[in-house]
Every structure is written in structure tokens, then in C-alpha cells.
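First up is the structure itself, then whatever we jot down about it.
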Amino acid sequence: MNRFHIRNMVWLAAAVLGFLALYALVQAGIINRFYQITLVTIMINIIYAVGLNLVLGVAGQFSLGHAGFIAIGAYSAAIFTKAMESNTTGLYVGMAVGVGLSIILALFVGIPTLRLKGDYLAIATLGVAEIVRVIINNMRDLTNGPAGISGIPLVSNWINVYVFMVITTIFILNFVYSSAGRATMAIQQDEIAAESMGVNVTMYKVLAFVLGAITASIGGSLQATFLGIVTPGDYTFERSIDVLIIVVFGGIGSFTGSFVAAILLGLLNVFLQDYGQLRMVIYAIALVLIMIFRPGGLLGTRELRLGSLVTKALGKDKEAVS
Amino acid sequence: MINAVKSVNFEVNTGEIVALIGANGAGKSTILRTISGLVKPSQGSITYGDHDLLKLVPKKIVETGISHVPEGRHVFKGLTVKENLELGAFLRNDKEGILEDAKAVYQRFPILEERKNQDAATLSGGEQQMLAMGRALMSKPKLLLLDEPSMGLAPIFIKEIFNIIVDIQKQGTTVLLIEQNAKMALTIANRGYVLETGEIVLSGTGAELLESDDVQKAYLGG
Amino acid sequence: MQLFMQQLVNGISLGSIYALIALGYTMVYGTIRLINFAHGDIYMVGAFFGYFLVSVLNVNVFLAMLLAGVFCAILGVVIEKVAYKPLRKSTRVAALITAIGVSYFLQNVMIYFLGPEVRAFPSTIPVMPFRVFGIVINMKQVFVFVTTVILMIVLNAIVKHTKMGKAMRAVAVDSEAAELMGIDVNRVISFTFALGSALAGVAGVLVGVYYNSISATMGTTPGLKAFVAAVVGGVGSIPGAMIGGYLIGLLETIVTFMGGSMYKDAAVYALLIVILLIKPSGLFGKNVKEKV
Amino acid sequence: QDTIKIGGNLELSGAAAAYGTPIAEALQLAVEQRNEAGGLLDGQQLELFITDNQSDLTEAASVATKLISQDVVGIIGPTATGVAKAAIPIISEEKMPTILGASTGDGLTLDENGNVLEYLFRVCFEDSFQGLAAGQYATETLEASSAIIITDQALDYSLGLADSFTERFEANGGSIIKTESYTSGDTDFSAILTSLLGQDFDILYIPGYYTETGLIIKQARELGITQPIIGGDGYHSKTLIELAGAENASDIYFTTHFYEGNDDPKTQQFIDDFSAKFGKQPDTFAALGYDAANLLLDAIEIAGSTDTEAITQAIGEIENFEGITGTFSFDDNHNPIKPALMLKLENGEIASAEEVSAE
Amino acid sequence: MSLLEVKNLTKNFGGLAAVSNVSIHLEENELVGLIGPNGAGKTTFFNLLTGVYVPTEGTIELLTDNGMTKLNNVKPDKINELGLARTFQNIRLFKDQTVIENVMVAMHREQGNSVFSSILRLAAHYRTNAEMRAKALELLKIFNLDGIADEKARNLSYGQQRRLEIVRALATQPKILFLDEPAAGMNPAETAELTDLIAQIREQFDLTIVLIEHDMSLVMQICQRIYVLEYGRLIAQGTAEEVKQNPDVIRAYLGGVD
């Protein structure tokens, strides 16, 4: 209990338990191949949504450019995984390169554009993502153009996706509940006041944006190596909107909400698969109804704070500091 | 659900100035918002002349001659001072009369005339307060609801505001006034009510309340 | 040089289409600050409505355009009442998601009932090309251009000089204060939607006639481009929407002319970003100043 | 009695809905006809599961596993090459016989190392085949020596055709003067076409779908571009002519899979049946889908069981399958061996149809 | 040398000179009033000093460890770091954060560069966090806000919100505190209480305080010196007594005696 706090232990325990539960279900064949795809899709969506929630819910930056960063991660993973001798190494090298590129792009784009407000930022980031897609589309030597890259070794499965989901979530949550996170949140509430209280607005905005880009890119890498194919058509602005829907549906600013929403929408999708052409109609109606009856999202801004729940239950909230 | 206002009974007679005073959060603004239809009370009734105000939407309430200067000014940002005043006269159609009334507002607040074509968003706090007041006057109200009209005003303008209130009373307008500046308010008011946590705890003529020990202690700092 | 002039004509015709859709976009945005993602789909419904009038009922195109306008106005008002009104007090992003839901709904209902295929709109306006200084211009181009300009002027007059226009601007800024002025906020918003959607309906038929091609997904791309046009021009500004439309139309054409056709979409977004960086509220947008 | 379950992994919504939907319809028609004719394997009825993959990669994979978990014995689709690729790892691993209707992408039936994917077949020829055939036709029959290509840059199909066309056209001594591109969904091509006005060329090669190419033809002809226009099977729809306008649809050539005007009674019967059921003319996608479906159904009958291994084997061994899109067998790469047709349009009518080859 | 030296400060908005050629100085531990009719340029003056607006002309210089440092063109967060903090005329709290979080945001610089320790949740993170919390609570206590430390700021009454703004500004450990109409919306009893508090924190934190206020009882009672603005220009300065007698001030601001 010296270097780590009891709350960390609680979260760690929860993550391990979750893993074991899934493992058992997969072994027992209850989570069959079909549900594994659903499971992985949900988990990757969680990675995307948690990142976007940091940008939108905490920093208050309305970004519609998530698809661009996802595409970058996906393509670098695709290229490296195919090119390298060891596919697993390829994935991680590709992921690292994707993260690097995403950071560079996020800085390059973020520093000038993050001073835009609301919808203006949204359309500007959407534009950036579309530019990324057009470039990918036209760099046929590297990316194989609109046909995309297929035959990517299927290195990812539910296990490494789960691990990355846990890591990115913990990382982002810890950031949110740090002093820096508080400052970022303050910027969302009132930029001028935050600045006058000594908060470096540009830095924190860009930081949140970059973190969002990193997670998007990681998610993209995982998805590419799970599915085995990447095509530019898979990263249109509609992909950004899908992620946005998860975040809003769960409750902007609520990370628990993003989890719940990703799971529910994933299951809704499975349920709707049997409805053929009606499926999108039903989905659209569901979307409208959900927003009408729960405009603040499922959980509003509420959060499941497992750590504090347990420490409270143990009655050692105060003295656990040592 | 917070019950901002519990059970409040009071009346305003035609031609009167009635002051509502009370500490922060007592529910004063909520009462005005209920009268102008911005919030609907859980129970009770508000009648104005022959009208049952609870049955009317804000637009209809304005049509009956009620005008509300809300807390926090709520000027139309992005529109000029002039356009703000024109919106105050939204339900009127007498072009000449509107022009004349705008002139009268400018006369009372010369700074507004100087800022005529300026975006209301960039007005100083006090200027916005004056604009909100001027805008309400543009509708030629029969009943004027004022929520802390002197807030943020320089002493010289506070005097002006209270002069205006007395003036328009003379012209036949009824005024329901919320003020932190209880002394001034009670001085010009015919009657007053003291509100605490959603309930009326005291009422009387302006002079009576000014004299009251409770009021002295709680609201006049004396 | 002559080729370049010809390209300018092409750019202006294309720009007219974007401008036409952008006008309705910007109207709605200007009043309730909602990115009405479904606007492009209302335009699509308008096109289909016109298609059935013209090809099944043999209605005259101009009448069809008018009727499509009326139909879409009603549709717009219904959508607003059902889907957007309940969300007026919630976050803007929530309303945006609803708009996206409505967009998916319209598009997929049309696909469900009419199929995803492209249909040919009967060509009813004669092409009648004529030459001015060696540049070929046809009747359709003239028609679209003139319609767009007229609509822009009419709309601008409504917003700038009528009582309703003033009410729209007041509602945009502070709907509660607007109510206190005696403005019927619901009616103003309905009116805005009716007008914006009517424009979309007219545009739908017009584009159907112009390109003689319609499909359930026809609204997506122009919807997005029109949105970009509205932002470039400054959302809420009616002349801005038109200028934005023309700018994008011209840019696409010029980029293609210079041999960069594969990058024309990227160029449009690059233009958007550059303009926003220089003027964060678009060319004609009012920079809403915040008093500290 | 048990039913025999057939799956459809098709684009009913999303970007490729216009191509997946006719295949789904043809599939329905084929299954319905077979059921009316008494079903398969001693009167077992067929049950069809068509699931929408939304033209989305992940969905296509998900739908594939879902169909497999519903115990289908064979799958038709997906349609778009990219979408199909997302489903391939799964059907290969699960050993599910799959027939693609209109996925023309090169090498789709082969794995990364060039080995044939055992369970995957398609009834359409490859992009390169069409491109080469068109290149050959342009130089040999039309005697063209210079060409301009306009591609849909968002469409691998279009780029694939353009590549192989270029290869053959240049090999035969022609030259490509210029390449322009547009994006699927565009409706205004005047800028591209105007930039061709001053150029001297013999033909235009515009591989793409009728959705856009119909408009390109119209706008080109209206601008006074009179050169022959050549395309691929994406042109093969009545809508192309409607979009272009009959008066503009002249001197148009395209490679395709079948000719609705041929006197083969099978073809005419199909057209009648399809029109009767869906109230519209079938296009190539429908024709290919119909062949894919019937091929699978025949294979089940031949296999004599619903064992997927047996069905797979039966598909591979089918000889001279008599389809709407020609009579064919599969080559070693599971591509159909059949000639392409080159159709020519004059005034919106098919004026001629001749067999072409890539040789 | 003065603590803060402002020379010939001017700010134009289009044709309007909101602040025009104003020179003032502030000494250590002073309590200075800034008054003037509505629209005189008081808030704009604060905005210039705290970096929200960039001056059109003139200089602002602050005494720091490196001598007089020019503040023109320095960004607000840097100015705050140099020791200037403020409250706002139109309350600008972080409404959806709790009272104590509002204060802790203002203290974030203190925690130094510990993003790393935070993300990894090292024990150090919890320690500094607890320390900050304790410190924030102490400050809240002075203004009698500690009882509602975990309430969302938006739920506070107007008077409480004004006080929280002061606490938040204090938490940045300023040398100079600028208060823009701290008593607006308060009744006389509440104003009197606030007056005492302001005097008290000046003592306790060894602050220089500048306040804009229209409530003359407050201004006259505690300000050692007063500057008066009208139409952006400095029209008078001096002690409360001097200013009160000044005919220009009476004409422009106080109004004639009734």
C-alpha cells in the first residue's frame, strides 16, 4: 500500500475479474464467434468513446474528426503488420507509428483550430478527417487506394482489445481526476475565467485533443488487425458520428455512460440485424426517442466511482492517504 | 424538486407601486417569472383584471399589458441597442408612437443614444441594465414587473431609475418591484411585502415597513 | 482563357446548387442554433415528391416545385414539433444527435419504400444552350442561378426587414427574453422550419430537374457541402450562405480545371479551415463578442 | 420436416445498397421458384436468411458469423469487393461455401500467397478481365489510339478497370492522354468535361457505376463531346439510359455479363419473372445474383446432402452451368470461365452485342 | 517604486475610447477604489490589467523579482501567475464543478508537474490532492463557504457565488486582487458583512486590493484612495473625503444632493 493506493487495487481487481468472467464465457462457448465480434466491436467503441468523451465531455471541444485519427491508426497497423516478419511486433510497431502520426496531426491541427468555438470546431475537425481520408485514398502506392489493404494478419482478438480498453480507460480517467483534468473541465465551463485563474487554456485543450487522438488511433490499430481489412470508405465522417452518438447517448462527460451506451448500442445492433432493411429505420426511431426521453444521456454526468465506493465501504477514505 | 415558492398570497392594486423585498434566494424572482408565464406554478392562481394568467402563454400575457424586466438583464446580444428597443415594442404597430417612446428612453438614458448602434453584448453592465429597463418601457405596459432594476447602476442612475418608476406610476402604470436597495424601494412604494424562503413574513405600507425593526435589521443593515 | 471562363460558368452553376441548399440550412441554424442534419434529407424528400408529381401526375415542373415547397414546409414543421421541440432546453449536441436520427429516418424510410436505386427525373426544362462570347450557357443554368439569387434576396428581406425576421433574431439570442417581448417563440420556430424546409423542397425539385437524377441518399453529400458553405459564409448569414456556396462551387471547378480533380473535396475542406482560421465565424458571420 | 437454410450477406443499406439490393431480390426469386418447384433434396423446402451488412466491414464479418450460427448451408454475398473481403476470413475458417454475385475485384478468390480460397466462388469475371477486354476492343475494333480515362476515385472497381484498360491499351500502341476523377455521389461533372474540350482524343474510358456515368454521358454529350464512351458492367442498367437521356446514349460501349435481348428463353423467362415480382426490370446485379443463387441450389442438389463440404465440392465441379450470364464452369481460381459481352448503345437502345475476350 | 504602474493606458473599440489615457499606480497592501458612472470604462480597465484585452496604447508594469515587468501583451494565465487575480462583474464560476473544485482549479499551479504521478496514481498524487483540499477548505472557511464545499457552484445563491469568486481568486495566491462590483445584488446587511471580509483578507494575505463598486457605503468606508473614471478618462482621485466633495464627481457620478 506504499506506492499505490487502495483505489488502484480495487480497479485492478475489477479489471481482472471482468477478464476472468469473459474468459470463462468464451471458453464455455457462450460467447461464440459471433458474440466475440460483437464484444470486440463494443470494446473498440468504448476506446473511441472514452477518448472522445475526454475531448467533448471534459474539455468541451466539439470534435467530429475522430474518424481521421482512427484511420491513421488502422492504416499504420495494417501496413506494419503485413510488412513485418513477426505480425504481433508489426501490430505494436504500427500502433506506435499511428500514435506518433496522430499526435503530430493533432498538434498541427489542434493548436490553430482549438480556438474555434462549438460547431465551427466541429466542422473544421470534420474537414481535417475528410482530408486525411482523401489523402489515404490517393496514396495508392502505400495504401492501395479505395480498395484498401486486406489480408492483414488477424493479430488482435478480444484479449488484447480488452487489455487496451482497460489501459486507455484507466489512463484517461486518471487524467480526468487529476489537477490537470480539473483545469481542463474548468476551461469547458468558462474559458475566460479559467484563463484568469492561471490555467493555460491552449495547452490543456490541445492536451485533451491529443489524448483523444491517441486513443482513437490505438482503437483503429486494433480494429484493423481484428477485421483484417481497412478501406478508406470505413472512415467517413459517419464513423465519427457513430462515436459521438455513443458519447451523447451515455451522457456527455460520464465515462460510465460511455461504457453503458457502447454496450447497449452494440446489443441493439445485434438485435436489429434480423430486421433487414427496416433495421436502419428502427435504429433511427430509437435514436430520436432516446434523445427525446433522455436528452442528457442515459447517465447524465453521473459516474460509477468504484474506488470511492469501496473505500467508503471500508471506512478508510481519510487515512488511506499514507 | 425544489419548491422555490411555497404559498404566497399578495395583491397589487391598479396604479400602485408594490415592493417585494427579501434575502438572496427567497423566491422573489420566481414570483415574477410566474406572473409573466415563464414558469408555471404547481398550484394557486394569478388573476390580472379579468384574466387568469395561469391559462395564458407568455405572449398573451404580454398582450394584456404586462412587461417584465428580468433578473440578469437579458438584453438581445448581437442586436444593436436600437433593435433591442424596437423589440420591446414588438406587439405595437403605431410607428410614430414607437419612435416617440424611443426618444423618451434616449432622453432618460443619454448613454444609450450614444451607444445606439452598438452591439448590446458589448455594453457595460449598467448600460445593459438601462437598456433592459428602456426596452420594457417601449411596450407601454400597464403593469411593469421590475427585478432589481438598480443592480450595478451608479448612484446617479439609481436615482434616475427610481424617478422613472415614480413617473410611470403617475402616468397610470402599476409597478411590482423587487429591490435589494430596500430603503429606496420602500420609500417610493405604496405597499411592500417581505419574503423569506418562499413565504411572506411581513407586509404593510412602504413607510410602515421602513420603520419596522425586523426590516431595519435584516435589510437595511441598521 | 475561354475555357477558364467556361469553367467559371460551371463553377457558378454548381455553386448555385450548394447555395440553394445552404440558404435553408443557415436559416434554421440562425434561429435555433441547430445543425439540422436532416436538411439534406428534406431536400431529398422534396425531390422525390416533385418526381412523383411530374412523372406520375404529369404536373408542370414549376407547379411541382411550388407544391414540393409546401409539402416540405409541412414536413419540416412536423419534424420540428415531434423531434426537436422536446429538446429545446437540452444540450445542443443532444439536439444534433436527434437531427442525425431524423436524417437516418428519412433516408431509410425512403429506401425501405422506394429502394436505394437512382431514378431519372424526367427532363422537362429545355436545355437550349446559347453562346455569350464563346461561352456556352444553357437555360437550366440561368434558371438555377436566377432562382437562387431571387430566393436569397427574398429571404434576406424577410430576415432583415420584417417583424418575423426580427423575432427570429431575438429568439436566436435569447428565447426567454423574446417571450417577454410578446414573441410567440413556437410560432417563430415553426415559421423558420417551414421556410427553411420549403427552400429545401424547392431546391430538391430544382436539382432533380437540373441533373435529372434523384436517389434516397442524394441529400448526404450536398447536405454536407451546403453545411460547409453555410459555415464558410458565416452561419446565420443569408448572403454568407450564398457566397459560401458559390465559393465552394468555384473552388471545386477550378481545382478540377487545374488537374487536381482527385483533391477537390480536400480543397473544399482546406478552404473551410483556412477561412475559419482567419475569420473564426465565417466570412459574413458576426463575431459574437462576449463581454467580460 | 427440416428446411434447408440459405444465407444472404448483402448490402441492403449504406453505400452499396443499390447493388446489394437487386442481388437480394434475385435471391428471393430463385429460392421462391425452387420452393414452388418442390424444393430440394426430396422436397425439402428452402429457407432464406438475408441479413443486411450495411455496406460496412465489421457488419459483414458479424453477419457472416451470424448466418453460420443459424446453420445455413451456403451464403450468397457480400456484393462490394471490400465488404466481401471482410467476410472472407470467417467463411474460410468456418468452411462455409460462399458465392459472390458481383464482387469483381482482382484476386478476390485467392489468399495472400496466391492460393485459391477453397470455399469462395464468384459468378462474375474480374475487373482486369473487363479492363483488358475493353482495351482490346478499343484498339482493335474501334481503332482508337488515344484515350482519356475518367475514374471514380472512391471506387476500387473503377480504378481496377482503369488500370487494366491502360495496360492493354498502351500495350496495343495507344496512349492515355489524361486521367480525371470524380467521387461517387457527385452529380456535376461539367468541370471535368469542360477541361476535355480542347483535347484531341479518340475515345473516353469511364469505368464506374451507372449512377454517375449516366450523368457523365449526358453532360458530355450536351457539351458536344461526341467521341465513343466505353465502360464496364456498372453501366448495365436501364437507369443509365434514363439518366443520360436516350438522345445522348449513342456510341456507348460497355463490357458486361449478359444481354437481356438475347433469344435464350431462360433469360426472357427470368426478365419476365423478375419484373412480375418486383415491378421493375432486372439489372446485371440481379442477373448475377440469380445465377449465384441457382448455382448454389444446383450444387446442393448435386451434392445430395446439406453437408457444406459436399456442397463446396459440388460447386467447384459444376460443368457448364447454364446461367443468365452465360454458360460457364469454374477455373482453378474459382472464377467463372465465360466470355464478356460488349454491348453498344445507340439512341438508348442496345444496338449490338458481341462476345469479347481479353486475349 | 510602485507595485503596479499604469501609464497612459488607452483602449479603443472602433471609434469608441473605452479607456483613454489613464495613468494610475498601486502600492503594496493598499485598498483602492475605482468608481465612475456606468460605461465609464472601469471593467474595461480591469480587463486590460488582467490581460483579457490588449491595450491600444500605454503601458502596464508590475514589480516582480526581475524589477518592473511589462504586462502589455502577456496572456491572462501568465499575468495571473505573476500575481494578479480578479473577480468578474457577471459572475463566471465553473458552474458544474463543486465549490471546492472551483477553488482547487485556481490552485492547480501549485501541484506542479505531477500529471505523470496523477495518471499513474502514485501515492504522491493522493497526498498532494489531500493537501490541496485541506488548503482550499481553509480558504472557504474564511468566507463561510466550507459547509457547502461539495455543492455544485450553480446551486449557490447569488451572494454565495460572489463570495466564491473571491475565494477562487485568492486561491491563486495573488499580490493584487481586482474585485468587480463584489456587492452587486446584495442587500445592505450582506454588503456590510462583505466590507469587513474584504478588509480582513487584505490584512491576512497582505494583499493590494482594487475594487469597482457602486455601493458608496462600501467604497467610502474601506478605500484608502479612490480613482474616478468618466468616459474612459480619469477625472478625479484622492481619499474618500476628497472625492466625495469633488464637483465633477458629484455631477457625473453621485448626482446632485436631493
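Should a chain be cited, it is by its letter among A, B, C, D and E, assigned in written order, with residues numbered from 1 in that chain.
The rule is short, and it goes like this: contacts are C-beta pairs under 8 Å (C-beta built on N, C-alpha and C of every residue); 3 or more make two chains touch, one makes a residue touch a chain.
The structure presented is a predicted model; accordingly, all values stated were derived computationally and were not measured.
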- [ ] Going chain by chain, each one touching the next, work out the least steps from chain B to chain E.
- [x] 1
Task: If a chain touches chain A and chain B alike, it appears here - done: C, E
Task: Reference chain A; chain at largest CA-centroid distance - done: B
TODO: Write down the chain pair with more C-beta contact pairs when A-E is set against A-D.
DONE: A-E
Task: Chain located farthest away, centre of chain E as origin (C-alpha) - done: D
- [ ] Starting from the mean Cα coordinates of chain C and chain D, work out the distance between those two points in Å.
- [x] 36
Open item on the list: Measuring centre to centre with CA averages, how many angstrom lie between chain C and chain E?
Closed with: 48
Open item on the list: Averaging over Cα atoms per chain, report the distance between chain D and chain E in Å.
Closed with: 73
Open item on the list: Suppose each chain is reduced to the average of its Cα coordinates; what separation in Å results between chain A and chain C?
Closed with: 33
Open item on the list: Two-or-more-chain contact residues of chain C, please, as numbers and ranges.
Closed with: 108, 111, 262, 265, 290-292
Open item on the list: Quick check: what residues of chain A touch more than one other chain, meaning two or more?
Closed with: 137-138, 192, 277, 280
- [ ] Identify all positions of chain B at which a residue touches two or more other chains, and write them in rising order.
- [x] 122-124
Task: In contact (per the touch rule at the top): chain pairs - done: A-C, A-D, A-E, B-C, B-E, C-D, C-E
Task: Complex contact set, residues of chain A against chain E - done: 2-5, 7-8, 171, 174-175, 177-183, 185-186, 189-190, 192-201, 301, 320-322
Open item on the list: Taking the touch rule as given, give the residues of chain C at its contact with chain E in the complex, in rising order.
Closed with: 291-292
- [ ] Enumerate the contact residues on chain D facing chain A in the complex.
- [x] 12-13, 15, 50-52, 54-58, 61-63, 65-66, 68-69, 81-82, 85-86, 88-90, 94, 105, 111-112, 153-156, 159-160
Open item on the list: Looking at the complex, which residues from chain C come into contact with chain D?
Closed with: 3, 6-7, 10-11, 13-14, 17, 108, 111, 115-120, 123, 127, 129, 136, 138, 207, 211-213, 215, 217-218, 220-221, 252-253, 256-257, 259, 261-262, 264-265
Task: For the chain A and chain C complex, residues of the former touching the latter - done: 56, 62, 112-113, 115-120, 122-124, 126-128, 130-131, 134-135, 137-138, 192, 237, 241, 244-245, 248-249, 252, 277-278, 280-281, 283-288, 291-292, 295-297
